[in-house]
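Labels A, B, C and D are assigned to the chains in the order they are written; within every chain, residues are numbered from 1.
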């Protein structure tokens, strides 16, 4: 569904996207939404809640494709708005330097990241949000976790494709990994 | 003068500070105040305006010491508030990773940075400010420059101790160095 | 020509690549080859020399696509070996964090980077090389410049597509931009 | 003992250092020695082994003060040579940007880092070493661990002052935290 809304003239049809996914690495952005205190310390991390077809709970980062002729910054804003709603007020980083690159391979084990659909290379950013988050689209909810909770086995096992590890890398980058 | 206000029990007297400066590297923070647009692009850089004893115009970054038992984040907030006023609303970075380290040597030419008073090692951060800036203490004004203006020879020659180069490094880090 | 050698089963034919370039951002890596002294200070930057059809001298960074199912690290090594020869002994960075992201747009002015063929998003790395460089393929030579020379107008005007600015960002990142 | 060898004219006597430690943050460097494969992937982390007065095994990173009028790079090289011996061939990072800042407080709980002797602020770097390591001074041995071993509870509990967390941050930065 998400892909359809992204299809405008000059972009890919679902069939073309399918074909391209088998031939090229696809550029993504991953965003870790965080709440911070007045000195920039991360106090909470926001994870999207989804219920799978099998009823399983899945927690996910904000994530999505960068489109043709779209700046990475604009893709970040677009996906944050799509997933967190229009009044989340995300503070997009001033530097294009991501805190890491997550390489999702269709084959397991090449990297810690896995996406059965495609080879996706994702630029990962930490994004403070200061407004109200109202998840839209296919997410049921956005839940805020403390850094301790976010790196706990309980939350980690509810994340898939290696996003739990990406989350821990984010916690390490902001200095709150325990 | 500035040093006096920082002297509380357990910290250094001006004489002790003088002595220590001749024996140890002193830890500093440098902050580059910026205005950003809605996608995080830096549109303006704020520089403090000072008039020297000889009437010369000097432009400077927000800069100052980290005190004993003070977190780097708290030092950043303290110096930003001291130099930009209480309603500047600085967004202190979520990561402790500075964009660079500026090593100010009392001897010229060891690094691009120079401070005749001391060997100072400064952790440099870029800090978006979203509120009103009202310079206090010894600064006359805070002037906002576009990235082009900030890296122009005119502004560069009004900065001292290598801060012009540090400013260009900041512009490079956020992708607006021309 | 370069593209042909990259076409293996499962990858794109030149026609498919052409089509995809009009529809998707293409993932690239840019590498800035450097010589360093014993303490890690960059002393020289290596630029490829090419002569255009019109006889104009062009200087370029090591640059190229990331292929399907190829790790970014392997793409870096492949392009470094392709452009610098098999005994350059590049020291690929230990962290996947690039020093910046260069977004090359087919339209001028969106970012400082421009590629008339495509929308390319490039992960940019600084790579010390300790061996002998023997350019292959379409480059005539690899020339080593001091940081001052590399950021001089003379060298900058021989670089195209914004790579001169990317080079200056690299110099800033390693602390040798003047 | 280590401090004495660092005392030359213009530097601090042990008594002065003691006094200063109670009044100023002291600048340190932390280095995480690593072995890498040909594509820059970290395969092993080197930890110093020390036996405490009580017979307890302690594992530590390479760590030490930055002296007056000493560049951070030179301090890194000096401490690496002191702890790993003269033929370790460390590859000091080209960028002064550390992967994080570790703030060791004399009071527990302010940050994850703790040093009962002082308030130390440490610039943390990951340093590939390609030569032979022969620990000197007070370390008994240097032991190489895989990333999995390094982040295991067994190794983590043998590290003190929060260095286990700093090590995990380093693993996260190079993309091998599991």
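Note that in this section a contact is a pair of C-beta atoms (placed from the backbone, for glycine too) under 8 Å apart; a residue touches a chain by one contact, two chains touch by 3 or more.
These numbers were taken from a predicted model, which means no experiment stands behind them.
The set of chains touching chain A and also touching chain B is given as C, D. The pair with more inter-chain C-beta contacts, choosing from B-C and A-C, is A-C.
Distance between chain centres (mean CA atoms), chain B to chain C: 33 Å. Here the CA centre of chain A is 28 Å from the CA centre of chain C.
Multi-chain contact residues of chain D, defined as those touching 2 or more other chains: 71, 95-97, 99-100, 111, 173, 175.
By the touch criterion given at the top, residues 34, 36, 38-42, 71, 73-74, 76-77, 91-97, 99, 126, 128, 173-175 of chain A touch chain B in their complex. Those residues of chain A whose C-beta lies close enough to touch chain D in the complex are 100, 111-112, 165, 168-169, 171-173, 175, 177-178. Contacts from chain B toward chain D in the complex involve residues 10-12, 16, 20, 22-27, 66-72, 95-101, 103, 105-107, 110-111, 119, 121, 123.
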